[in-house]
Structure formats: C-alpha cells, structure tokens
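I'd like to ask some things about the structure below.
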Amino acid sequence: MTDHELPGEVVEAEGHLIDSDLLTLIFDTVIKSGGRFDVQQFDIGRTNEDFSYLRMRVSAPTDAALGTLIEDLVPLGCHPVVEQDALLRPADRDRCAPEDFYSTTNHRTLVRHGGRWIEVARQRMDAVIVIEDGRASCRKLRDIRTGDRIVCGVTGVRIVPEFRERDRHGFAFMTNDISSERRVEVSVARIAERMAELKRTGGRIAFVAGPVVVHTGGVEYFSQLIRRGYVNVLLAGNALAVHDVENALLGTSLGVDLKSGVPVEEGHKHHMRAINTISRAGGLRAAVEQGVLRSGIMYECVTHGVDFVLAGSIRDDGPLPDTVMDLVEAQDRYTTALEGVQMVLILSTMLHGIGVGNMLPAWVRVVCVDINPAVVTKLADRGSSQTVGLVTDVGLFLHQLAQQLP
Amino acid sequence: MTDHELPGEVVEAEGHLIDSDLLTLIFDTVIKSGGRFDVQQFDIGRTNEDFSYLRMRVSAPTDAALGTLIEDLVPLGCHPVVEQDALLRPADRDRCAPEDFYSTTNHRTLVRHGGRWIEVARQRMDAVIVIEDGRASCRKLRDIRTGDRIVCGVTGVRIVPEFRERDRHGFAFMTNDISSERRVEVSVARIAERMAELKRTGGRIAFVAGPVVVHTGGVEYFSQLIRRGYVNVLLAGNALAVHDVENALLGTSLGVDLKSGVPVEEGHKHHMRAINTISRAGGLRAAVEQGVLRSGIMYECVTHGVDFVLAGSIRDDGPLPDTVMDLVEAQDRYTTALEGVQMVLILSTMLHGIGVGNMLPAWVRVVCVDINPAVVTKLADRGSSQTVGLVTDVGLFLHQLAQQLP
Amino acid sequence: MTDHELPGEVVEAEGHLIDSDLLTLIFDTVIKSGGRFDVQQFDIGRTNEDFSYLRMRVSAPTDAALGTLIEDLVPLGCHPVVEQDALLRPADRDRCAPEDFYSTTNHRTLVRHGGRWIEVARQRMDAVIVIEDGRASCRKLRDIRTGDRIVCGVTGVRIVPEFRERDRHGFAFMTNDISSERRVEVSVARIAERMAELKRTGGRIAFVAGPVVVHTGGVEYFSQLIRRGYVNVLLAGNALAVHDVENALLGTSLGVDLKSGVPVEEGHKHHMRAINTISRAGGLRAAVEQGVLRSGIMYECVTHGVDFVLAGSIRDDGPLPDTVMDLVEAQDRYTTALEGVQMVLILSTMLHGIGVGNMLPAWVRVVCVDINPAVVTKLADRGSSQTVGLVTDVGLFLHQLAQQLP
Amino acid sequence: MTDHELPGEVVEAEGHLIDSDLLTLIFDTVIKSGGRFDVQQFDIGRTNEDFSYLRMRVSAPTDAALGTLIEDLVPLGCHPVVEQDALLRPADRDRCAPEDFYSTTNHRTLVRHGGRWIEVARQRMDAVIVIEDGRASCRKLRDIRTGDRIVCGVTGVRIVPEFRERDRHGFAFMTNDISSERRVEVSVARIAERMAELKRTGGRIAFVAGPVVVHTGGVEYFSQLIRRGYVNVLLAGNALAVHDVENALLGTSLGVDLKSGVPVEEGHKHHMRAINTISRAGGLRAAVEQGVLRSGIMYECVTHGVDFVLAGSIRDDGPLPDTVMDLVEAQDRYTTALEGVQMVLILSTMLHGIGVGNMLPAWVRVVCVDINPAVVTKLADRGSSQTVGLVTDVGLFLHQLAQQLP
C-alpha cells in the first residue's frame, strides 16, 4: 500500500510559518503521530513581512489516527482545504460537555457555522466553545448549562496562532531566555516605552501583584505609577492588601520596619491589627473615606478609581472584608476586570500570575517579574510567546520603572 | 534616677531556657526595647533534662514602654510574678476585636480566669482568645460575634514555648539548616520510624500535597502509603486531584506521558477531559463507585476512607465538583480535618503548606519536602522549630519513603 | 536600486533544516543583519529522514555588511555555492592570532585547503584552526606559536551542525525543558540504557562530579558504577576527592556523619586530617597501595584503572598531592582524558561542568544532573542540543541509576 | 560512681556568652559528647555591654573522651582554668603535619608558649599554627616544611570568639535571615554608611566580583566606585576581566549588546577577540598604557592603582596574560592582597567568594550579594556571624550603591 492509499486529507496553513517555528511544529506533529506528509506547495515568505504558504496532504494508518492528527494540527494553524461547518452537540447536563468537546487554546479562533467563519469571543484557554444566536464564545466547563450547543471535534475550527512579533514593540529581545544574568535597566526601558504608548493611546494596563511588592519596598514606587495613571486594573490576593495597609498604618510589612529593615518586636501581630482596623471601618473603601487609611497602594487605588479585585486563598489571615473568598466569583471578577486589557505585569506572584495567565488571550502582552527564575519560567511556559520574563528584585524594578516612565 | 526608680516589674520564666535560645531572646528583647534587666535569680539546668529558672526585674522609661516590653516577653515564656486575671472585653460588632486584643501564637497558652489558669483550646496562630462558659479557645477574627468576651492585653496570659526536643524522635538533626547538600536517605529513615511509631500508637498523620507529586511519578508510592494505612488525612488543591485523575484515566500528567516522559500531542487537553469525566459522574466518590475511577491517589483515598479536603484557588481549571471554592468553608474544613493530627508532611506545595502551617499548634511535627530550598526555608521560618525541611525530589522521596516504611 | 544590485552572494545549506530550527535561524540572521534573501530553491524533506535543501541569494547594503552576514551564516551550515580555499595567515607572535582569526564552534568543521575539504581535528569551541602538514586542527589561543598558519575569515570554512537526533537513543524527550516537575525515574531508565549500550560497544563514558555526590550519600552507588565498569574517566576538583577520602577514613563529609546525618563536633577538621593523611602517604595511589585508603570513589578509581584528573581551584584546602594546581596543565589533562569519550555525565558541579562543556565537540552526548535548575539551564544553554538536563537530588539519582543499570 | 569520680576538668569562659549563643553551644557540646557539666559559677551580664562569666567542671566517661570534649569546647571560648604551654611537635616531612595537629578556626587565637600567651598572626581557617622565634602564625598544610614546630592538641590554645556585634555598625539587622523578600534599599544605605566610614578612616575595602557584574550592567556603577576611592582591592577570575574588556572594546558581554539587551550575531566570538587583543598588547596594564583599553573596570583599576588579582579556573577561555593559572600562586596573592582589609563585598561569585571566605579572619565584615539565595546561604554558613547576605539583582545593587555613597 502506498501512502496515497492511506486515509489522508489535504490541509493548508499560512503565516509566518518559519520564524514562528510553526513549520517545524507542524512536521514534528505529523512524524510523531506516525503519519506521513506530502508537501504539495510551499511558498516561502521572501522577507520578514511576507507570509509563507503551505499545502500538504497528510495521511495516517487509520481513519481514527488521521482524525487525531488533524486535531493536533489545528492549533498550529492548519486547516483542511475542504471546509465544513463545525459539529455542535447539546450539553446533556449542567457543567458537563459532550465527551468529544473541543477544548480551546488561548489563540484567536474561528468557527464555521452556517457556512460562515465567525470569531470566538472571550477567547481563553481550557474552555469550550458555545454557539448561541449565531455568535460563538468561550465558556468554562462549570458554566455549561443543559442544552448549550457545544463545538465538538475540530472540523470547522480554525486557529490563528500569534506570530512572533519580532520587530514590534521592541519586546521580542526579552523572549529568548530567562536568566538573572541580564541587564535589567534595558528591559525596564522597553517596558516603560510600551506602557507610555498604551497610556497615550488609551490602552489598559493591569498589574497582578504579590505581597513581596510591599516587603521589598515597592509601595512608594507603585503608588506613583497609580497616581500617574499607569495602572488601570489591580488583581491581587488578600496578603498584598493586608501588608500594604499594615505598612500604611504601622510602618511595617510582616512585622519588619520598612524604614530601618529591622523586625519589630511582636511585629507579626501588626497585620492582625491592620485587618481588625479595616474590618471595623467596613472595608478598604470605607477606611479611605473615613480617613483611617491615608496612603499606600490600596489607598491610591480607591482614590484614583483603579479597578481592583482581591481573590482569597487557603493561606489568608482575616481576610479583609474586600477579599472575595468565593473563588468562582473571584475568577469571574478577575475575568471581567481583564476585558480589554492590552498589557499585564505580574509582580512576584506565581499563584495569581498563573490564574491570570489562564484567562488571557494570546495577544495580550504579559511581563512577569520575579527574583526566582523558576517562577518566571513556569509563567512563561504556560502561554505562547506572549510572556517576557525578568529575573530581578521587584522593589528595585519598581524603583527603576517609576524613574524611567515619562 | 536609678534603674530601680524606673517603672518595673518582676517576671519569671522556667524551662530549657538555654538550649532553646529563650534566654538569649529574653535578654535581646529587653535590650532592644531600650529597657533594663536585673537578674535576681538564675538557676541553670545542670543537664539536658533539667529546667533552668530565671527571675528578673525588668524596667523601662515609661509605664507604656514597660507594658509593651512585658507584652513582648510573654511569648517567650515570661510571666509576671504577681498573678492577675486576664482582661476581657466584649466585641462590639461582628468580625471585630477590641483594639488591644491579644493575638495568639501557635504555642500552648494558658489564660487566668476566675483565679484559675485554663488552657486555651484549638490553639493556632493569629487568632483571638474567647472565654465562654469558663473555657478559653482560639477564634479567627472573622468568626467573632458581637458580645464575645475577648482577652485583651497580656495580663493573665502565659505561654509555654515548645522547647527544642533535641533528643526526642531523633528529629532534631534535621533542624539545623536547609540545604540540598544532604543525604536524604538518612532523613527518610527517621521520618519512616516516626510514622511507623505513630501508626502503631494510633496517632494521626496528615499529608498536604501539590500536583508535583503526580508530575514526578509519586502516585504509585503515595498510593502504597494510603493502602498501608500511613495517611489519615489528605489536604490538597484542585490540581492534585485533577492530575491524579488525568493520570488514572489517560496515563498523563499535564499532558506528559508518565511512562515514557514524553509530552503527548494535545495532551494539555487531557486534564479538561478528566474534569469533565468526574463532573459527569457527579464527583470523585461517585466516580469510584461507578467504576469510572479505578486507581490513583484519590481512588485510594475514597476506597480507604482517608479524610480528604480539596481547597480551591484562583488558578483552578474546572474545578472538580469536590473542590471547595468557598475558601472560608475550605479553611474551616482543613482546620477540622487537622484536629488531633500529630504529624504533617507537606509535599511540594507552598500555598497549601503555609495555609496548613497557620492552623497548627506548635507541638505538631511538620516535615516539609520540596526541591526548591526557598519554599522549605519559607515554611520552616513561619513556625517555631517544629518544621524540619528536606530539599529533594518529591517523586524520589516518596519512592524512598515507601521502601523504608515497615 | 533593486535588491539584485546590492552586493550579494549565493549560499546553500542542506540537512534537517526545519526540525533543527536551522531554517528559522538562517532567515532570522539575514533579517536581523538588515540584509535580504531571495530563495532560489527550497526542497523540503518529505519525512523525518530526508534532508532539506536550500539555495538562496543573500544581499546586504555594503560589501562589509555582506561579509559579516556570510560570516554569521556559516555556523548555521550555509556555505557559498562558489568554493574557495580558506585564507591562512601566519601568527606574528606567540599566543596571538591575526585580528580576523576564525573562532571555532563545537560543531564538526571542514576547511578547504589545496582544493580539498579536510575535517578539523580536536574540534572544540573558542579555538582557532591551524593548518599544518595538510591537516587542520583546533588550537587554543594560548598555544599559538609564531608562524602557525591560522584560518582567517570564513571563506573556505564549512560547518556541519548537529541535527536534533529526535528519535535516536530516546534522549530527545528530555531536551524540551528543564524543570523539577518531571518524573526522574523515566529519564534514569533512558540514561541507563544508553550507558549499557556504550559499555557493550566499547564506548567511553566520563563523569564530572562535585563534592555534593559525597554529601548526598552517593559514594556507595557511584562506587558500584565504577566497579561494574560504567566509569571510564572521572574529572573533578580537589573537594570531591577530599570529602570522599574524609568519608572513607572518618565516616563524615564536611564533618557531617553520613550514617546518622548529624554534624560531628569539630567535624570540620576532618577534611584537614584527610588531606594530611593522604599527603603523608604521598598521594591517593600510594595511599591505596599502602592500605591507608580502602574504600570510596577514589579508591575504586585507583583499583579499577579509571583515568582521573583533579583540577585545582581558588577555594581548595590542602590541596591533595594529586590535585593539579597549574590550571593550564589541568585543562590539557582534562582535554586529553576526554578524547574519544562518547557520553559525559555532569553531577552537581557548575564549575567543572562548564569547563568540560567548553572542551567537547557537539556530538558528544552530555547529561547534566543538579538540584538547582539554574545550573542545569546554564550548562544546557552553552552547548547545542547536546545536553539533557535533570533537576533532581544527586544522591537519589545515583541510587536509581545503580538500580536500573543492567 | 558519681560524676565527680569521672575524669574531669574545670574550664572557664567569658564574654557575651548569652547573646552570642555561646552558652547554648557550650552546653550542647557537653551533652552531645555524652559528658556532664557542673556549673560552679555563672555571672550573667546585666546589660548588653557586660560580659558574662562561666566556670564549670566537665566530666566524661574516659580520659580520651574528656580530651575530645575539651578539644570541642576550645573553639567556643572555653579554656582550662589550669594553664599549660601548648604542645609543639616538629613536622617530620614537607607538607605534612603531625597526626594530632591543631586545625585553626578563623577566630582570634592565642597560644601559650614559654609561659606567655601570644596572639597568632595571619589568622585563617583550616591552617596549622607554627611557632617560630617566639612568634605564632597560621600556615597552610602545603607550606609546612620539615622541622617546623607545630601546635598539637588544644592544650595552651585559647580562642576569642567574635561576639555578635548587634549594635555596632548597624549591620546586625541583616544577619537574621536570607530572603529575597526584603527591602534592599535599606541594606544598601547601611553598607554605604559603613564604606564611607572606612574610607574616611583609611580602612581598606576589597571587592570579589564575578562576570555577572558586567552582564547585569554594573560596569559603569562599579567604575564610579573605583574612581571615587571605594575599592582598594579587586579579586576576581579571568571571566570578569574578559567580559569587562569585551564590553569596553566591543560593547557586548558574552555577545549580548549591553545598550540594547539584544544578542549580537556571532557575538559569542567577541570575548575571544577581546582576549586576543589584550594578549597582543601584552596584558591589561600594557593595553591601558598603549591606549588600547580605555574604559571599564580593569581600566579603572589600572588607572587608579587598585590592587587586583585574577585567579584562573578550569573553565577559563584564553586566559588573559594577567590571569594567574598557578592556583597556589593565586591563593598566595589573594591572601597577600587581603591583608589589612576590613570589609569585603562579594558580588555574584560563589567560587571566588568561598575562596576568599576561607582566607579571612572572623573579624572582617563580609557582605555577599547574589540573586540566588542558595549562594548567599552557602557563603553565610561558612563563616561565623561575620557575613551579611543580600538576595538581589547585582546590577541594580551597584546602581543603588553608587547613588547612596556620599
């Protein structure tokens, strides 16, 4: 039996196939699956701006293997030359998808429905696609309701992978590796340029921040960023707010005096006093209004109308009245706050950073700053090439950033 | 003015003051506060078993400073020679303590009430003490209800610090430092001995585990531990259960085939399929009963009646129906599950490890295993000397532990 | 001016251009240099075994820029279609190369001389190529002598990049990322298979080991490897030998008792006693012959004829008489010992690991084991895809390896 | 048999026994050895300035055990009440000490000879003490010559441990723990104060620096420090100088452009060109004199008469003509350069940092800066409390330091 007698299908792909490594990934995928490919046409982009075009026949030993192979090629931007509508099946019970549901990536996705390709809204990873009133959108498993019409299989699904934007925004230089042996000042300059451009053009910037921002002395610099309009959204946990308030009220962070660097005797109680004070006031906003809380990150957020969400966790003390302890609600509020955001800076928080990373489409630029290279690697590995990582001291990073922003 | 004209008070302390470093801490505390001490009596323990006894007059420039100093000395086991009842104030609103509330440590605490010293129940860090019906117990800030009688200040509060149990349980050898440059097999042998002893005597052992247990191939060894009765409680997040189920159903963990070590194409969807399958079954227990889930950690927990709690987090996919997404409830269920536990092993999870550490009294022995020394240091720093840390590979640790347990 | 009027040259390349990412790198290089490319022919390999072939005309704004561009393309396997002999210039003084000397990579290299392509001997990174008696070989800068004929520029130089050997030796699965969240047992199995195969076929295996091998309890397992014939060469520093001898003579490693895990009082003197004992005997070999040293890694090396070299460093105590403190000599002896070696395992030593990495041609397979992911990343980044990294506990790794080897 | 019938000896100690933890260590040592102690007198220091005084009889089951116990107590500052001269034995061959030689700590040491206590010169760890012409000094094992009179056992040896200088120099605040979750700016301020004070008083400051100083953009700031007179000694390896020269000549560090942060094509050859250029000039000093090298750390060192030593290592490329490849000579030159130094800053180099740490007496203050907490912990663990560690970005640290120095 020759290749052409095996079950096969003709697929095509176009884009920056070479410099985004897509071509490599496409061929690898075929080979690993035990299949074969026969390149029918390959037009190479002559310059960096040109797209390349690939058309090939892929084949596999069985129909089932071919189906799986096609399924694996779709996220790489391949699609069958012969177009068909996506297969829809109704959910037979709440929170459950049909067995063969299509699980989304974070890349821009199109679904063919009624002969037309429609773009999927609320793009994110690890969701299903629901078609409703001729519109397609991502939905989390837990939000599926009986009767929802869910895309199954990969027929009629087309992915538009983000191509590496090597020359745009001057960001790509940072994507190559994650190392503490780099000059951070250069990277900060690029980030500052990008933030300034977004501010100028009305783009939205979100920060995701852990309590280390407070411990490392970043409060004053981060407050400046808020006052100067560079922070549209703040997503954090209970601890950031608690230690920020502790610092504002008592001058310590986890009991360490931030002026002298010396642990204060019994200072570990300070954060409990901070929580009690905010609870008594009735929350952060009330505490600001009552003049109880008069400085710090949370004060600036309240005063400057920054959209903030504090998500709870198993390790929380208190929590503050503002902390959302129902995590389904917290995830939903994070997702809502992230709508329309064009840049996200994750500062020293693996937990909330991964949480946010899961919610973002691939075209939002993410900067992850942490002194631990393993955290940066882990966050960068999850997305596509959208994340640039900086291994550095977060307090000093914020100091530099405040200095370099116009 | 001589020292003796300054405001002062006579305090005493007894115990292993020297080899627990308490004496150093006591003197340091006085000096740092700007106060003075005048040792009136000091009887040194002649051997390791003997207690030492210290009585000294401490003085400070002002009455207020003296009050603060005494407050700082109480957690070190000092108490005024002249005994008084604790000061109780009623809470004036829900979730709020009086301003000067006493914030607990995780050490055994006594409160003097009605002329008697009573032991505080449910001892934990960062709580208040409530007196009710002649009994004292710890309560979280958020659980305070209007009218609760809350201990304020430190009068009538006595702490019994855990002394370093250098010779007991053969554990102390591990407390000295946290380093990856140690022979892990020796430490595993000690841990195994202690676990075997607890099992023999009916003691309860809790495990707190992250998904790395699955990724590093620990499922089979951990399953053995459950089957052999060494796991009484399992506290984890959604991810451990998701990847354990993914492994049981599809042979992968986060899409990596655990037999070959090779990432499976499109394997990142596997965990979504796992969640969907368990949701359809109606939860983990139901999945076991229906024969859908037939191996792995969660299967063994269900089958062997291990008390497990899965706490949600902002980064959760799904979640599984069993995951508690209301974090107030999750914290309460963790706390309940930990009652009476005598040993806790924390495997590769900083988040849940810190959460559990906050809930434990100081006399529960904690073993923290992580390949990242910063995690081990952070967990060990939070408690007293109760935590021993091992910097090693968690999968290989579980392999060794399963081999060395009787 | 059109592209074709710019200075240009036609180059060609063949090999696994796509799945080794070479095609991407080639195009990237042209674009980044500000040049242009015009693909004249591109034949894509139809399967994983087939080579691809590329011929293109590259152009640049100036002749100088074109020269630099060609220079940058050569290490990627490109070579001008029109062949010329390499340019040779004599060294005008010892230890100095002509300004435009060709600096080697670790890839297989051919030089065109007298109209013939000859392969370069002693291939390694960061060397010059000297032609002598019609033969070409790598030479370190410091070994250049006045009059040596040195290859300059890139004309007449051709590189044969190692292609990713995805399917050979089952090693490639480990090249994807460096993470502690992997199942080490699977990787150990692959390494064991490869070692067994090399032993069977007479291949040579070198180990590069730091003192952590001793601290983590690896001596017994490593000794087994030596006794069973899996170690042909051992490259290390003074410290490995010192602590191995300390362990053999006194049962401790840096003063820590390896049976109990407890630091011995005054144990930090033990390594000084060990050094003194070996000095008195006249060296390691003499100590073995005199019956002074009767177990451990160095004992087994002496007894089983393993070729070992101990290189000195600025941090060495002693050193042992066997330690080579002249680093020029030490590097030369390392290089000689590595000749013909086909596999290198680097265990917990960044210093000696980087030293050895610099000496190896790209086709020697390297396995790097360290509990610190930053070390593994750093070692892996230096070579091509030749290094596979394992982030794990070295003592437990050796235990596993000894168990899994046939 | 009662305790007093066991072999015993009366020892005494005085100093800040409590707040330096010495008392704890003394008692621990006796207990762990299986011995007993009987405190005859203990006078506690009433304030932080007062010394405490301890006299106790220690006993052990056998004379040999008692000898070992006394030996273990000497480094903690204990000494027998009954004074005897030190025991001297001649070395019977070069490089070898008598079996029972006294191995030094880095603490100030006195030896009793001819009825007088004489202070040991050139104090350092892991040496022997030689008495010559009535003077005592430390000598490395390898420098022993036949006939040298070497102190053996601990009789007649007295150690003066450094006491924690809690209030002096404001340094102690940093000794508590090693964490990346600290405000670095505060620590930099203290270090700057101390450096300014030393400069004012003619104290000498040494820097030990790795190439990461160059990679992270620290050259300009470090150059400022040299120009402003804050660097008296620079100890480094070949790589610091190579990349500094590469940066000065070609604007890159390991091939990465330090202005743009982008790797330069074929930039990995740059360091070879740098080495070749300096070799041709005949060394760094000659290159400065010839106007070949006109900026950077090494240029400033030459121009401002900073005493620098470059020590070779197994991983060195080149090396530069200035690099000392004979490590015995390199160690000797490091030691000589460190004479009279009062403060040492170790920047991102574990290898040279440990090397220098081994050479320093305990009273020289050491600051260790590294982004990897494991390196800081390892360096801090080796000495006494003399090392303070900062976990931060080295480039940003130097920027801050240059800003904060007067």
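When the chains are written out, they are named A, B, C and D in that same order, and each has its own residue count from 1.
Note that contacts are C-beta pairs under 8 Å (C-beta built on N, C-alpha and C of every residue); 3 or more make two chains touch, one makes a residue touch a chain.
Just so you know, these numbers come straight off a predicted model, no measurement behind them.
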Looking only at C-beta pairs that count as contacts, which pair of chains has more of them, C-D or A-D?
C-D
Starting from the Cα centroid of subunit A, hunt down the chain whose centroid lies farthest away.
D
CA centroids of subunit A and subunit D: separation to the nearest Å works out as 46
Taking each chain's centre as the mean position of its Cα atoms, how many Å separate subunit C from subunit D?
33
What residues in subunit B touch two or more of the other chains?
180, 372, 374
Touching residues (chain side subunit A, partner subunit C) in the complex:
18-19, 21, 23-24, 27-28, 31, 36-39, 42, 44, 46-48, 166, 177-180, 373-374, 377-378, 381
Could you please specify the touching residues of subunit B with respect to subunit A in the complex?
29, 32-33, 68, 71-72, 75, 93, 95-97, 99, 101, 103, 126, 141-142, 237, 265-266, 269, 271-273, 275-276, 279-280, 311-319, 321, 325-328, 330-331, 334, 351-352, 354-355, 358, 372, 374
Tell me, which parts of subunit C touch subunit B in their complex?
173-174, 176, 180-187, 190, 212, 215-217, 256, 258-263, 371-372, 391-393, 395-397, 399-400
